[in-house]
Every structure is written in C-alpha cells, then in structure tokens.
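Quick heads-up: structures coming right below.
In the two complexes below, subunit A is the common chain; its partner is subunit B in one and subunit C in the other.
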Partner chain A sequence: MNEFIEAKVALQWQQPKAAYDVVIVGGGGHGLATAYYLATRHGITNVGVFERSYIGGGNSGRNTTVIRANYGIPEAVRFYQRSLELFASLEDETDRWIMHNQKGLLWMTHTEHGMRAEKARAAVNTAFGAKTRYVEPEEIKEICPQIDLSGGGKFPVLGASYHEEGATARHDRVVWALAEGAMHRGVHVHQRAPVTGLLRDGDRVTGIETPDGPVSAGVVVSAVGGHVTTLASMAGLRLPIRSHPLQAFVTNHYAQAFDAIAASTDLLFYMSQTARGEMLLGAEIDRQPSYSYRSGHHFLESCAHRAMTLFPFLRDLRILRQWTGICDMSPDYSPIMGKTGVDGFLVTTGWGTWGFKAIPVGGEQMAQLIATDKTPELIAPFSLDRFARDRTLADRGSAGTH
Partner chain B sequence: MSLRITCPHCGVRPLEEYLYGEVPVVPDDVVGDDARDLDRAFMRANTEGVIRERWFHAMGCRRWLWADRDTRTDEML
Partner chain C sequence: MAAFTFDGSSVPFDSGDSVLLALRKAGTIPGGTLCFAGDCPHCVATVDGVSYVRMCQVSCRDGMTVEPHPVGGAPPLPDGTTAHTAPLQIRHCDLVVIGQGESGSAAAAEAIARGRRVITLDSKQGADAIGIYAGLTVLARSQYGLERIHCDDVVVATGAAEIQPVCTGSDLSGIYTARAAEYLLAHGVDLGTVVAVGDPPPGHASVSGQLVRFEGEGRVAAVVTRDWDGTEHTHPCDTAIVGLGLHPRDALFRMARDLGVTVVGDAAIDATIPPPPQAGTICPCANVTADDVKNVWDRGFHEMELMKRATLAGTGTCQGMACLPHLRSLLADLGGTVQPPFTARPVTKQITFGEISAGAHLRAYPRTALDGEHRRLGAEMDRIGGWWRPWTYGDTEGEYWAVRNGVSIGDVSTLGKMIVTGPDSAELLERLYPTRIAGIKPGRSKYVLILDERGYVLDDGLVCRDGEYEWFLTFTSSGATFAEMWVRDWAESWELDVRILNRTMSLGAINVTGPHAKELLERVGLSDPPSYMGHASAQIAGIDCRVFRLSFTGELSFELHHAIADSVELWRALLDAGADLDLRPHGIDALLKLRLEKGHILVGQDSDFDSTPRRLHHEWAVDLSKEFFVGKAATIRTNKAPLNKQLVGLTMDGPAPHEGAVIWSDGDYNGYVTSSTWSPVTEQSVLLGWLHLRNGELPTEATIEERRAIVSPVPFYDPDGGRARA
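What follows is the complex of A and B.
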C-alpha cells in the first residue's frame, strides 16, 4: 500500500455474480459505506459494488478531508452531526486507524454582514445539536496564533464561529476501512468494472450492463459522484446536477504545528495541516461545468493570494502538488438522496464539494432505506422530489466549499 | 496550461477573462407546463462530451460569444 498503512488491508476480490440483491455503482466513500452499513446493520450481504477505476479513485480520495456539522439549516445540522458522531467511532468499529483528528474549525469573517451570518450559524448549530459558538478576535488568536488579525490591512478579522468538533481523517483509509469491513462480511467489490448501461423492464431498472455481461439486481444504487447525470440518463432520469471541477493543493512541510482548520467566508478559502505537516488548501469550484481533471495556475495564484492575506507565514512555503476532482453540484448545496421515481433505481448524489464528511451517515441512511424500503426521516428532506415540491434546501452554511 | 477561448473580436484570450453562460435546453419529451418549468429551472443535461455554450468576454470586448467544448477534456472545438 503506502507509507501510511501499517498492515495490509484484507480485501478479498471475487468474480462478479450474475445477480445480486443490491448493486451499487461507484466504489467511492458513499457506495462503499452503503455496502458496509447494509452488511453490518442489516445483514444484507448479497451486494455487488462496481467501480470502474480503483476504489477511492474519485473524489473520496481527492478531497481535503474536512469533517464538520456547522451547516446553516436544521435539516443539515442534524444530518451532519450524525455523521460526525459515526466518524468519531469508525476507528473502534472497523479496528482501522483512519487518523481521525478533532481539530476545531474557525470560520472567520471580515464584514458586519458576515458577523451576523456567523452568529446565526452558531445559533442554529446549538439549537440542532452541533457545538458551535461565536468567538471574538482575541480568542481567535489564542486558537490560531499564526493568524494576522489585521488581514494584511485589508481584511481585518472581526470575529469567527468556532466549531470545536470540526475534524479531519485520512480519506483513503476511510475508503479502505469501509471496503474491508463490507468485503469481510461477504460483499463483493469489483474494480476496473465500469457500468455501461442499465437493464430495464418497462420503466423499472432491473440490473446493470458491464463489459463482462449483464448483472441483474433487486435494486441499483447510483453512487458515481460527478458522473451521476450520465448514469441516471440511462434510466431516463434527468437530475438537477452540474459537474464542476474543484481543485486543491498542498505545500511543503511547515515546521510549526497548525492545530485548527481555518476558513474564511469572505475570502473563500480554507486550510488545515496534514499529518505530514503540509499545509492543505482549498477554495471554490471552477465556474464552468466540466469533467476534465486539468488543474490550473490561476487557481493556485488566487487561492494562495487570499490565504496569505490572513496567514503571512505561507509566503515562505512552496507548493508541492495540486489536483482536481469532479463534483456533483446541486442547485441548493444540499445532497440528493433516495428514491428517484424510477422503480429499482436509487441515487446518492449532490455531494458536491462537501460529501466526504457525510460518508458514514450517507451510507447508514441509504442502507436503512434499502433494507426497509422506507425513506428514513433524517434524509426525507433531501429527496429528489423536493425540487418539484418547491422545498429546496438552500444552505449558506454549505457555502460550496469543504 | 490554462484554458483559452477564442473571441471573434479579441482573439485567443485566457479563460479568466470570461464569464460562463449556460444554455439550458428543455427536451421535447418533457411535456406539460409544470414539468417544463421544473426542468428549465433545475434539470440539466450535464453532458459528458461536446456541448454548445456561451461565454461573456467580461474583461475584453464585453460581448457574448458561442463556443463548442468537449467537457471531458476541456478542448475548445
């Protein structure tokens, strides 16, 4: 594996069967978590996960690993708080070190309007179970000594919301732990196994097409990240999704400890330190929809410039690597989960730039839906039909980043 | 290298000078006023392949142009 894995992950590869009770398309975090919770919580193990590349090769292995529940609307706060709790116990449960690390997240603001927004975030978080409070500049400096509170003279830090339970975890370890846990209980995970079509009987989806032949399924779950529109179109379904590239980068080693996760709503960037000591930075999506993994200099320049405004120490560091993922953006920055109106076809999508933190709860809830054929209360607000019902969930706390 | 777009007035210019202009198309087989409104407001083809789109040359001539782009590679055609 790599230098970060202490013991070989026990993945047992099998030949695909001609039929499964549940077929999951996409071996990212959400697909594998759905399989994991089907197996561990419901004893449903006749499950095949089909991944066209390698597990975690999509956004689940490309993200900046921020885990937080400090969202802006009650439905989201409850949902992500559940994921935060599942994440905190995932290490014990899977007996795998996923490098889960509670760091605390500071969301800085530089405007009067932003101060009101961060106070509102703290209030809605507290009311619905997440631990967030508003903090003044003196306390910000204590939590994060490297910050220039004057914001380079241009973006003075007026305050922040502080989300103590904000955390990070090693992304590919999360993917491997879930895959291992599912496969250990009999789930089949297939790599280099693209799904090229959907089998249909009338309007109902009854299985998948693969280069090795058809596989029938009691239910097909789409967990294909940015490629969901293409898969859904094979079921005759149109989705409110646009796929946009999102970039990130890391610097070389920073000798001091940088404990918190720092973000700024107005400057639109966020930053944390990896276990290797690199500074990891991200910002907003590229504006044009695209499936290209091309990374650009413009992003480095603009993101680094904004980050240096608050953190002058970054000037002395060098950028080591940058990369891109393709995000399934929903119009209201909330996920889209569950039934689709097409029998036999479920989706878990709209994970955009924010879905890593939701991997455990997303899997748990999708598994419950599959096992009981009833949409769990926690995810009912996130169903696809909310757009037709005029019940969109615009979430400013989602903000379109991490 | 960063994406470049050819403006008929200004020539080949970097992506950062432009604003993106989406062209939503409601398919003919979406029928009924409500269904068409819903589709127009939210649903997107989100094509993996060649699409026809508009760009606004904000930091140039400030005119709209049409372009064809392969969304898999970002190649401008």
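What follows is the complex of A and C.
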C-alpha cells in the first residue's frame, strides 16, 4: 500500500439511456465539473456524459497540475480567482483527497522588459483580489533556496512576481472527485462512448449519434478537448481554435524539498515537485499545430537544459517519463464558453494550456448557464461572439504555458 | 584489491563485475526477486550521486560510492555539484538495431549483407536506447555520450524480461529469476541449498505444485508450494529460483509502432499472462499489492489506465516492467478480458538532465557590431526586443539632456531592415500597408502600420522609396523576424514578381539626434542633408551611408545606415567629431523617455493583441478609400462596433507611476499604464495607457497609484514637431 492509492472514490457506471436533459460530450475535467455542478447546485441529474476513452484521459490527465489566477486582464483574474476558491474547498465539499497544496508560484524574469511585465501582473492581480506581488532576488532565494540567481551566469534573475495562492492538485483526483459526486447524484458517465455525429432538427442540435445509436438531448454541451473543431463542425459551427501539442516530463521521485512552483518567462519552463516527490517540468506549446500525442526529443533536451540554467541541482536527476497533451488555442489565449448561436449546442473550449486550473469554475459557470439559460456575468466576456464583436481579450504575456 | 564503498563499507570486486554481482559475492543482497538484467526495480541505488541507478547495470569502478535508497522512502534531491556531462554525437545510418542478442545480431548481419549502413545498440555493451522519436530518430546513451541517430528504419530486438513472482514473501531477498541464477552460477557464486519453481535453469529440477509463498525473515528460508489436491509443501532453502515465463521488452516498439518500426525475436512474443496473483506486491516501485488492486477495482476503476493512475502501479522507476503482466492478469480475472498494456512512452532507459541536455543550447540573443563599443563605454547591457542593447551608459538623465539640448548618438542597428525590388514591388506594398504607397516619391519615406487580417496592429515602421522598383522597409527590432515571414508569405501567395532581402543583420544603423545633429554631420562630410522624411546616399567620415531624416526622439535626427563592417569606425568618428559638442551616446532607457515625451507608441509595449488603429489613435495611418489592403475588411467591420477603449496620453504631477499600474475611474478598474516616465523638459510625469470609455465617453481624468492623472493630448512635448523639422 502506498499513501497515494485512491482509497475512497467509488465510480458507478450505468447503461446509456435513449434521452437525457443534458448531454455532455467529453468526460474530462470540464465535462465532469459541468455535470457535477448541474447535479449539486441545480438538482439537474438527468445528464449523460459521453467519453470516447476513459475519464480524464485527455488533457485532464496530461497537464502539470498548476492552479493559479495571476492573469493579466481583469476578466481572467476574476474568473481564475473564483477557481482558486472552488479548488480550495473541493476537498471539504466532496470529502475526497485531491492533494490540494498551496505552494506559491514564482514567475521569474531576467530582463527590464520582463520586470515591467511582472510588476504589471502584480498590479492587476492585486486590483482584483489575487495575491500577487513583485519580489526581489533576495526573497526569491528565501522562497526557493535551490535557485542559482545568476542563471548560470547567463540568465541572472532580476525579480519575479510571486503568486502566493498558486497551488497544485492531483489532476486525476480532481476528475474522479467530480465524476463520483455527479454519478452519486444520478448523472450517467459513459466511457468508451465516442460521439460520431450530432442530431439536428433544422439548425437546432437535438442530440448525439453514437455507435450504439442516437441519444436525444435537451441541450448538448461540447466539453471536448483536442478535436473540438471536428465536433463543432457537425453543428455547422466554425471555431477559431487551433490545436497544438504541449509536452511535459517527470523524474523519479525524491524526498520533498522543493516547495514552490517555479517558472521563468524568458527561459520558458516551469517546474514543481509532485506530492509523490517527482520533479515535474513543462514548457511552451509546440509551434506546429497537431493532434499527435507523440513526444519529441528536442523538447526534452531543450527543456532540461533551460531548467538546469536556473536549477543546477537538476543535473543528476534521472528523467523517468515524458508525455504530450493537445491544447486548443484560441486567437486571444482565453477560453470560449457558452452559447454558440446554434440552438441546443453549447461549448466550453479554448482551454489552451490553462484548462486544468479552470475546471471547477468552468463547470460551475456552464452549469449555471444550462440551468438558467442566462450567461453568467463571470463568463460573459468569454463568449464566442467576442471575435465578431471586436471584444477579444488581449492578455499579452500572461497566457503562460501552465 | 579494487573496491567501492557501499552504505559506508568497502566492498571488493573482480574486474568486470557489476556492482550487484560484487555485492552478492560479498553476501549483501537487496530484497525482491533479482533479475540481473535491468528489468526489475529491486537493485536501484544512488551511484556517485545519481539515484535510481540499477546496480546490475553498472560496472564496478575503484573508489565509486554506492548508497542504497532509504528504506520506505525516496532519496534526497542531489545538489547538482557533480560534473556528469556528456558530448552529443549526431549520427546517420540506414538502420538502427536495438539489442544484439540472437535475433538482433541476425537482423544486423542480414542488413549489412544487403549493403545497408547499420548502427547497433546493446545495453550489455553500454549503449542504451532512450527512445524512438519521429524522424526516425533514436536517442541513445553510450560511452560516447548522448547519441542522436537519424535513420530510415529501426529494428527492436530487445528480448524479453522474466516475469517476477507475486505472492506473500516475494519481497524477501535470496530470490532470483532463472536467468539470474544461471548468471550467478556462471560467475562462481555459491547459492547454497536451492529450490526452483517453474522452468528452472539447466541442471536444476523444479519442485512440483504451484508457488504459494516464500517464508523467511528478511531472507528467504523456504518455498511453499501447493499440490492439485490443496496439500502445501514447505521446501527449506538458501536460494529460491523462479522461472515463470517471459514478458516482451517491447516498450520501444509500442511507442513507435506507427513510425514503421519492426520488432523481432523475444521482444515480439506474445506476453505470458501469469496466474492472477492472490497476495503480495504487484508493483514494487509504488508498493501496490494485489489487495490494493482489488479494492480499487471494486470501486469502479476498471480501465487499465485508471487502475494505473489510481494505484500508481506502473508509474515508478521500472515503468511497468515488473507489474504489467500481473496487473493484466488480475484485471482479466476481475473483468473477463485481457486489456492492452498501458501506453509506452519515452524514456525507456532513464537519463539525467546533464546527459540529455548534451546538445541543447539556450536561445541566442544577438549583439550588434557596436556591442564592444557600448561595453567599452561602460554601458549596462540588457536583452531588449530580442537583442543585447545598451540600457544606459550610467547617466540616463545626462544622456537625455544631450539629445534635447546638444547632440547624441544611439545604436539602432537592431531595426528591422528590408530591401524589396521587382516589377510588382509597389503593388505588394500597396496591398500590405493600410496607407497609400504609390505616391511616395524616390528619396521620400512614410510612416506605416502593418495590420493582420483581423485589423490588429502587428508592427510599425517606415516605407522608403529608392526608385521606381526599389524600396527600403524598416520594422521594429523585435518585429523584424516576423516581418520577413509576413512579407514573403504574402508575396508568394499573391504570386507577385518581387525580390525580398532582409538586411537587418548586414546593415548597421546609428541615430544622430539633437539640435546640433546637422552641425556634427557637416563636420564629417554631410554637406547636403535630406529634408524631413527624406533620405539620400552620402559619405560620412569616408564611409558609404544611406542617411534617413526622421525622428523618434523629437529632435532633429538622422539615421546613418551602413555596412556593419564599418560600424565601429563610423561610431568612433562621430564621437571624435562631436567631442567639443559634448557628444555622448544615449541608451535605451533615455531613448524610451525621449520617445514617450513625443507620444510615439512602441508596438508590443503600448499595443496589445487587439489594438486596432482606431484604438491606438492611428486612424490617420489608414486609408479606407484604398481598394484593398490586408486588414481592410476587418477594419471596416470593427469600426462599426462602438469604441470601448483607447490608448491615451496622461499627465501627472510627481514621480511617474510604474508601468503596468492600474488606472482607476471613480473607484473602478478602468485600464492600465503601458508606458510612463518623468518628463524632465515638461516637468511632469507623462504616460500612455489604455482607458475604457464610460457611457461612450473617454474620462478626462483618472486615478493612478492614488494620485490624479489628467488625460492629455500627445505629443507632450513640441506638439507641432518644429524641432524635428528644424
């Protein structure tokens, strides 16, 4: 027995019905959170979640588990700040251990320009209640003793924004806690249940096609990651999304000694130590759009090198495993949520590299939209029509990668 | 005799021994069934500062230090002070054969006979394949360092691992796989009283019945088997040998199956599915027992991947080599179907950061030809816009006043510079830029924005006409690389007859600026300076230059473009000629102050993803009466939407707020400062910032850092531009 064996969650699987009030396509964090909040906040339980693989098998199980709200625009700070709150209370609410751990996130910079950007981040964060402040190198060293502030003589650390509420949680555990909470209240979650088409009545979407037959629905929600444009096109909808791979890797596990989450804007990597003790590293998205889950050696070689520039202790750590997820990137690096202009069809997408940290708030808000048929104020800025209305959410430099 | 240190004690070894063999000879044996083949996780230790090294895979070296991992815990993070580095070898061949057992050797020999260039890798010879990647590329670690091997084909001939026993007591020491026992006997190790189960090595007979458990305190003392009728038999022993069948080492094949990799020999066999384990540790890396798996199964975790994630079985140092057969067997027993193994991912042999980064480099920030001059003058260099540039020469305010009152020089070699020629060159530029191009006369220049298809500002710069079919374009320092891509892409997609040459790197540029700029340049040979926004060829201090008259600082300014080979000579000639004019160079810090007083935007700092010309107050740089330009349709569309925010000028008393500071209107967030500085010449703080309209109106004042700021027209200084045109 190891202490990390899932000891409480009990998943209850059901046979699919021919009709649901709500069908959610995609059994990842966002789809299951939507189901969870529909059931717990609105008493809507005649809900079917259809997952083509296993639950949490897409980006929910491939991300680097960072939770943060240190964005650069008010709309995003407010939104992710709500997510921080929901994450912090999720263990109590579900009575399940998601390994939530507030670690503090250091976002290091090495140039005058970068210092300006991190000070700006601290300012807008503070204005909207996110606890972020600019810190000088001496304090960085106190927070993170393993750092080489000289950056190997090449990338000296000039400062950082320090996001005190930056946290991590075990990605799979979040998915399971939400899945169980939804299932326990009557939601059906179906694995190995691909959606092959959408049922249409005129322009309206009225359900889904599956290999086991059609399933009708009052509303269909796309919570798909990776292939969202394929599904949306079945509804006659063109989404401004490009999918790019994002890679990560872990080492073997070591005794706990690295407390913070560390990132560098100029060296483009981020790192934390997992609850189990592995050093977990990621970088920026691959430039070339692709649906491939194949990992690359250039990423591994380069990311390891960049991380070692600030953290020389990594030199002798042994790398264990690398993997890849697919990020749905929107043109303005913000999510696309809510109504689509197609009746009966809602989307939650554009989760790029920031989907995990938005799981609870994304689900909460989508559930509220479904239950009330009114777009909640918190996600109104993220509507699909913002691109047509020239109301894109410009957040240069704080999209980040983790 | 040669020796190494293990857990503080000296251990002697014979030449060629692995660390584990030497330990076994000395009577020290880790717990768990040992394979001596690098498959299981039972013999990992910290070897010379590197943890998770399998002792069976490392040859002894005199003086080496081996530390066992803490019992029940994880090794500490190292301090990284060892000097483990490796060179990178890049190799090419037709075929890589991984594994040089019988089938691998045969595959290599057959390919060589057909004239193919073959590289073989074999762990037994110290060459570990780390992973197979697209390309095809095989990453390997060998005595030569990190090897990146580019090839057409890969044969995986990595053989098969022996299945580990899983039952009560299977974590005792003194248990060996059949091959391990054979290996130890061949090396003269006395195994004492041996009891073998399953398929034993040659010369040993197995006891009958099914393996039930091992007994002993720390070390195996007896093997218990059960007959078909349920009778248990206890067989006392010093050593237990288990031959439970083979499991293919096919991770390399499975991770690259779709890349056309082939698998041969034992690595291609169907995996033995052992009897479902009833008790004992299934995953020794993560310490997961058969009961743990059953408990998790009972709570709905039926998928192999979910089981892996819920128990962590298979995520440890052996990546499933030990647990996978048993996990598959147990899940098949519980669910009725044999599930495929979980996904194989690189790396297949663990590799350190130091080793893997052998060929990696940090992003290079280029330096201009004048870099040495700046540093000689004591400049503080910084990475700005992708280049190393002089931030300040130590006295920003002095540098500033030199520009405003005297004359100064600045290194602007980083500007994006491009020559466009050809019969369709005017047509190309007319389509690319939102302003009219055709009317620019040779010898004249025009300020331009570059818009993307969404009507957002990508960059800005100048269009300078040299002749009917000859143009010189400038872009921002950070935008130059993108600009080349942008211009070439459009030229190609429109199939226009143009030649495009990026001269950013080959041309240096020095800005001569200040009221005495003309006087200085006269001294070095510029007798007939171009008029404002004009340009001309001239010899300056004997150097061929293209002289551009423009102004970013707000003062009389000339940009001298020249071949970079002449940069240092030109720079020094200007410094010499201006010595009695108190000429001094200015850094970027002063330049940003100077330009901000003039209200010139910095694309990328003052603009954002969604900056339309209207939001930037640059409608004057867009001519919607043109038939076409990139971004025209979007500009027309977005201009119909109500304006929601604008980049505005602001002034404040007192020190400048920091850039990025929040702008408040009536207690609400209403934007942020993009640029700010104390303006010495106007004696106030001057700012640019984004301000949201409220009820369709721009506020006339705001609060920044708890002080009052007034929305003010730009430029803040010399609004009619008389100084630049002087």
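Going forward, the second predicted complex is superposed on the first by the 391 of 402 C-alpha atoms of A that agree within 3 Å, B and C clash if a C-alpha of one lies under 4 Å from a C-alpha of the other, contacts with A are read in each partner's own complex, and residues count from 1 in each chain.
Definition applied: a contact is a pair of C-beta atoms (placed from the backbone, for glycine too) under 8 Å apart; a residue touches a chain by one contact, two chains touch by 3 or more.
Keep in mind the model is a prediction, meaning the values are calculated, not measured.
By the document's definition of touching, of the two partners only subunit B reaches A:T229; subunit C does not. With both structures placed on the common chain, the touch criterion links A:R238 to subunit B but leaves subunit C unconnected. By the touch criterion defined above, A:A18 reaches neither subunit B nor subunit C. In the superposed pair of complexes, A:H305 makes contact with subunit C only, with no contact to subunit B.
Between subunit B and subunit C, more residues of subunit A are touched by C. Contacts of A:R294 after superposition on the shared chain: both subunit B and subunit C are touched. Overlap of the subunit B and subunit C interfaces on subunit A: residues 294, 296-297, 331. Within the complex, the subunit A residues that touch subunit C are 1-2, 4-7, 9-13, 54-57, 61, 74, 110-113, 116-117, 119-124, 126-128, 146, 154-155, 172, 176, 191, 252-255, 257-258, 266-267, 276-277, 279, 294-297, 300-302, 304-309, 311-323, 331-333, 389-396. Across the complex, subunit B is touched by residues 227, 229-230, 238-243, 287-292, 294, 296-298, 331, 387-388 of subunit A. Against subunit A, in their complex, subunit C makes its touches with residues 49-53, 70, 73-82, 84, 130-131, 133-134, 137, 139, 148, 286-289, 292, 295-296, 299-301, 303, 305-306, 309-312, 315-317, 319, 345-347, 350-354, 356-362, 382-385, 391, 454, 604-605, 608-612, 637-638, 641, 644, 658-662, 669, 672. Interface residues of subunit B facing subunit A in the complex, by the touch rule stated above, are 2-3, 14-16, 19-20, 22, 27, 30, 34, 38-39, 41-48, 53, 71-74.
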